[in-house]
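Pasting in a structure now, in structure tokens, and then I'll have a few things to ask.
All chains are identified by letter, namely A, B, C and D, in their written order; residue positions are counted from 1 within each chain.
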Amino acid sequence: MSSPFRFDPVQMPDVEPQLRAEVREFLAEWTPKFTPWKIGHSWTGLDREFSKAVGARGWIGMTWPREYGGHERSALERYVVIEEMLAAGAPVGAHWIADRQSGPLILRVGTETQKKKWLPLICSGEATFCIGLSEPDSGSDLASVRTRATRDGDGWRLSGRKIWTTNAHHAQAMIALVRTSGGPDDRHKGLSQVLVDLSLPGVEIRRIADMTGEAHFNEVTFDDVQLGPDALVGVEGAGWAQGMSELAFERSGPDRFLSAFPLMPLLVDEIAAAGEPDRLSARAIGRTLAELAALREMSVCTAGMLDRGEDPAQEAAVIKEVGVTLEQRMPEMVRDLAPGALPGAVEGDLAEMRAAVAQQAPTFSLRGGTREIMRGIMAKGMGLR
Amino acid sequence: MSLDTDTATLLADQLDRLFAQKVDAKLLRKVEAGEPAAALEAEVEALGLTLALVPEEAGGAGLAWSEIGGVLESLGRFVAPLALAERMAAGWAMAKAGMEVPEDVPLATWDRLTLSGDKVSGTATIPFGRPGAKVLATAGEGEAAKLVLLEIPEGRALPTIGRDPRLLVEFASAAPLASAPDPMGGEALPAALAVVRAGQIAGAINHALAESIDYGNTRVQFGRPIGKFQAIQHLVAEQAGEAAAAKAAVQLALRGMDEAPSWQAAAVAKIRAGLAVEPVSAVAHAVHGAIGVTEEHMLHHTTRRLWQWRDEAGDENAWSERLGRAAIAGGGGELWKTVVALSGGR
Amino acid sequence: MSLDTDTATLLADQLDRLFAQKVDAKLLRKVEAGEPAAALEAEVEALGLTLALVPEEAGGAGLAWSEIGGVLESLGRFVAPLALAERMAAGWAMAKAGMEVPEDVPLATWDRLTLSGDKVSGTATIPFGRPGAKVLATAGEGEAAKLVLLEIPEGRALPTIGRDPRLLVEFASAAPLASAPDPMGGEALPAALAVVRAGQIAGAINHALAESIDYGNTRVQFGRPIGKFQAIQHLVAEQAGEAAAAKAAVQLALRGMDEAPSWQAAAVAKIRAGLAVEPVSAVAHAVHGAIGVTEEHMLHHTTRRLWQWRDEAGDENAWSERLGRAAIAGGGGELWKTVVALSGGR
Amino acid sequence: MSSPFRFDPVQMPDVEPQLRAEVREFLAEWTPKFTPWKIGHSWTGLDREFSKAVGARGWIGMTWPREYGGHERSALERYVVIEEMLAAGAPVGAHWIADRQSGPLILRVGTETQKKKWLPLICSGEATFCIGLSEPDSGSDLASVRTRATRDGDGWRLSGRKIWTTNAHHAQAMIALVRTSGGPDDRHKGLSQVLVDLSLPGVEIRRIADMTGEAHFNEVTFDDVQLGPDALVGVEGAGWAQGMSELAFERSGPDRFLSAFPLMPLLVDEIAAAGEPDRLSARAIGRTLAELAALREMSVCTAGMLDRGEDPAQEAAVIKEVGVTLEQRMPEMVRDLAPGALPGAVEGDLAEMRAAVAQQAPTFSLRGGTREIMRGIMAKGMGLR
């Protein structure tokens, strides 16, 4: 018996060093403009001008067909770009979700009209998407959603509420998992995905402040919103399966272990400034590097799977499980290795960024599925029955 | 540790079959009691694996490091009581240093000896060492470091937690049978041995995981298989994450040893695999209950070897300190580049 | 933190009722926005609690430390936005030093100032500090250390993770309004403040536990309360163990402050309570899901105050190092005696 | 709402310092005779002469009535004695289980004959008891035991197998949980406790070597063993309830967090010998002291509950949960703070004792009930339903 998960080694394309150098050069221009607080927000941080600039470089929708504004590059090339962005803590929030999930979904199962309308806007950094999954009465239990789209002539009427939608107040569109037939007891059956233009009448967005005091989350209410015939994404009734395979994209990326990474360079400099590092500091940094290297190896392997058309659902769960443990430990590590002079104060670049990360850390293990959900997926994958 | 070539797959499969037949708790108890697994050693020798990493032009099998992942995994999975991994590492280092590799590849030690003129001194621990056999060691440091081939003197059995034979010997101005400048400035053998130990650990860990899954599906408590309990499922999931990470770290180190051998790649593998030992074995024992600690059960042996191996060829703390100090000295601006380079990116 | 006397129980109950009525997420947001909870402060003042630890003959309530556990717990449970705990500590220290304790008990700081002749200098963080009010501080070290009463100068609001007001001020050769030799050689105020913070942490932690239990029993997912899932049960059990240990540590420190005040007892409380913060809040948020981080939810406020409090009056790392260094210097032979003494044994 | 568990402070008796001094003086004579390996075995280590000497000092059966050889002292006085023994790593195994569990059980529910026969022998350190709970097919699921005692005239006939009985090969007697009526499906019903003289014909003891290579565990087979009428302990059919309240005694004692303690003084000396301690060492030692002090406070509180006749079942589960985490971490801490010169070697006092502890550590969380069982008890106690 071998490992129940496959992380087969991949060969990075020859263009890797050049592409990486380009991205680093680009980031070196932009990142000095961002505060440690903003950098600490990683991919939930949002900057429209930045996203447009990224789009102009051809780094959004990289793997998509040219006819929709894409660049027909490999998943591995895309990997190089996004890991560099995340490691630098660039505020990619305006294009992140669309590039990672919504765009690929539209490309895979969307109508020609949907593709023509949205993909080019995403690629240029102009269209921000959000995902409507959770509802007030259904947290992890997504199959119990109550938001309902009812047939109305050619189109649909949508009513219900979605919550914890990241950056909805900045988004043009949401792809929501809704019920199109049956009731909550039907569970996975009768669920569909619909694309909602958030500027439509009847859509109301309430911002929810999180621990950082900012509103990255929202509650979005649909009060009899009239959707056109083209709102359905993919096959009616196939929303559950479509949504789950979309989540695998969300889970396998380097955002599952790099959200807190920007703390590390500042921490290392702080340690170095204090003189010869002691065992505690040296060990923690070395250990973290080894953990990051292993996670990166696993993550690159799943990018290879995507290139080969394989489904990394199981591997993505493993990466999220291992990655989130490391990520949630990072703000604690900063505190343990570099105690600040003023107890509890959040002044200074490292302390400021640490505060931003620490206050988001409790949600690291929630987004993309809780630990309990991940471990359940893994157990099932390993054949525990 | 995917095997890219047919040869490599074949070899690992052969080894798996051999070990599955011959290595069990009974054999391990015998070896611990001081009786070498001579027959098994002879059979493995016959497979020619000790010369696996020696280039064909130097009389070896010419396999790459990334092709022997399966072999290391097999050695770990069965906690095979012989010095195959160490001899593969020794053969690789000798060939790399341009030394002639004898068909009877020497044993190896991770201990660093001192070099004074042409004579070497110091203490060395030699896995499966026996007086009269030969051992490859590192003598001296940095540019002046040499690989030295030595005859093993009388020594004493070192009591260890793994209880596999470890011979502790003292060299006092010993004259090497052969020597050559270390091709990695004194790092070749320590790095190679760290990688093979990490590979064995990854194999043993993935075995412990497989055993936990199997036991979870068969052991019935409170009227159902314990693997149905959410608490057990989550423990095994934690274990699986650690096992996967350890294996990935070994995979990248093996590739690193082929492309640009460095102590850094070895460090990543040994650190990550070493870190996984405690959580994986803790869960394995929690799942198995008391049965897992009994000497009749393979988990008993797997756990003790894991504890042994993580300490050898540099434990995860020592390697972490070294890797950490280098990174801190390099400064925060270089840190991400280091992560990319450590995992084979360019 | 069991309350031995009727008075103590009565006081804690009064406080609980008051806070239950007045302290909610809305009030906390106001205070964070810079609007002091003046009405609440006045009501608490009226209860006379600031003088709780001042002996009756010095005009106080004459309660023992072991009687104010309930009060500290209440302050923590409701993360009450006022400096009651600090003022109780200041009153105790002043009375112990033989200083006259004004009815308007001063604020307190854990920062140590320097003493030059009769003048004090240095930076201090003052919880809920405002210019013109008074603060008690420690100046100097060891036998020469003094407790000094100072008027608070203009300062600036220190941004913190808890977002409760913290005034950062600079004393430059300030003349104390009153001073007296520190009755614990410079340890009285730091120890007292560490104990009150530990007590608040224990209260807040036990509140987070209670909320997790409550949410577990009411929140329905997959057709049943999430508290029925074994994974959630085990997380909450882990949380309960930490909460119980934190509370026990506070209990022994409170007894210690009555019987033989020492920095060691304070260290045990602050270390153990501080260690519990991360696991307890992590589980609380895992159980609550995203709702727990929203500013409408009390857990949002509880968690941020816990993070703040564990850093103040010495974090668990700093106290651990001090306690550890002392124990190592004392030698292994004394270690068990230290454990017994730390937990009140003789 | 307050904590769901009660750890009310207690007042130690005035005799505490004197009693403690006596025990320390006694131990100072004995402990130099024991190897680090033996000390590392804590209460599973066994030395008959030592136990007799402890008995002669009146430190076994301390709380029991004088008429049965006891000393009518308080549970708190007993606490002082046992914590000193454990902290020193004294080999108390020959009297430990009898003093902690079997004796109190016999005293509470046993017949006069049982009391007169066994209690004085226990008090003198001559009688070693073991507990028969687990069976090959019932690990944590004790209610499913199959060993059966069948009425046979006035007495009973016993058949079946018990496993993981600590020190059975040194014991004179076992108190076993067996089925006296019904079948496995009856679960808790029909279970009784019987006292088995292990020298009887039909009793076979097979030693089981554990990780240390020694046999602390045993498998005990009963092949139609003839028991007298006096074998029944307590009430027929009440074995489950009796056994569970007996386990609370097992779980609340300081043996649930002190088994690994003897490592600590050696570790501290090793650190001190290496020069000025760094942050890593100082923090770890200080933190451990704080954790031990809190555990001791909780444990003393439960001794107070026993004195007041209260049942510390819930509190015992908490202590075991928190204590075992610390205890299992200790051998790892030794490795992290004081790496040995020879990798993997177990030479030297600290390394030798560490090896003994590390190889038993996996069972620390099994004995007295697994973590899963403990957490289930705690969850129930907290009202999670």
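Throughout what follows, contacts are C-beta pairs under 8 Å (C-beta built on N, C-alpha and C of every residue); 3 or more make two chains touch, one makes a residue touch a chain.
Listed by chain with UniProt protein names: A, B, C, D = Acyl-CoA dehydrogenase.
All figures in this text were calculated on a predicted structure; none of them were measured in a lab.
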More contacting C-beta pairs: A-C or A-B? The answer is A-B
If you average the CA atoms of subunit A and of subunit C, how many Å lie between those two points? 39
Distance between the CA centroids of subunit A and subunit D (whole Å) is 50
Averaged-CA centre spacing for the pair subunit D and subunit C, given as whole angstrom: 38
Multi-chain contacts in subunit C: which residues touch at least two other chains? 229-232, 234, 317
So subunit D residues touching two or more other chains come to 279, 283, 372, 375
Could you classify the connectivity of these chains, where an edge means two chains touch, as line, ring, star, complete or other? complete
Along subunit C, where are the residues that touch subunit B in the complex? 229-231, 234
Which of the residues in subunit D come into contact with subunit A in the complex? 278-280, 283
In the complex, the residues of subunit D that touch subunit B are 134, 137-141, 144, 163-164, 208-211, 213, 217, 328, 332, 335-336, 339-340, 342-347, 355, 358-359, 362-363, 365-366, 370-372, 375
Please output the residues of subunit B touching subunit A within their complex, sorted ascending. 2, 66, 73, 206-207, 209-210, 213, 216-217, 225, 227-228, 230, 232-234, 236-238, 240-249, 251-252, 255, 267-268, 271-272, 275, 316-317, 319-325, 327-329, 331-333, 335-336, 338-340, 342-346
Subunit A partner contacts - residues on subunit C that touch it in the complex: 110, 125, 158-163, 166, 168, 219-223, 229, 231-232, 278, 281-282, 285-286, 289-290, 292-296, 300, 303-304, 307-309, 311-315, 317-318
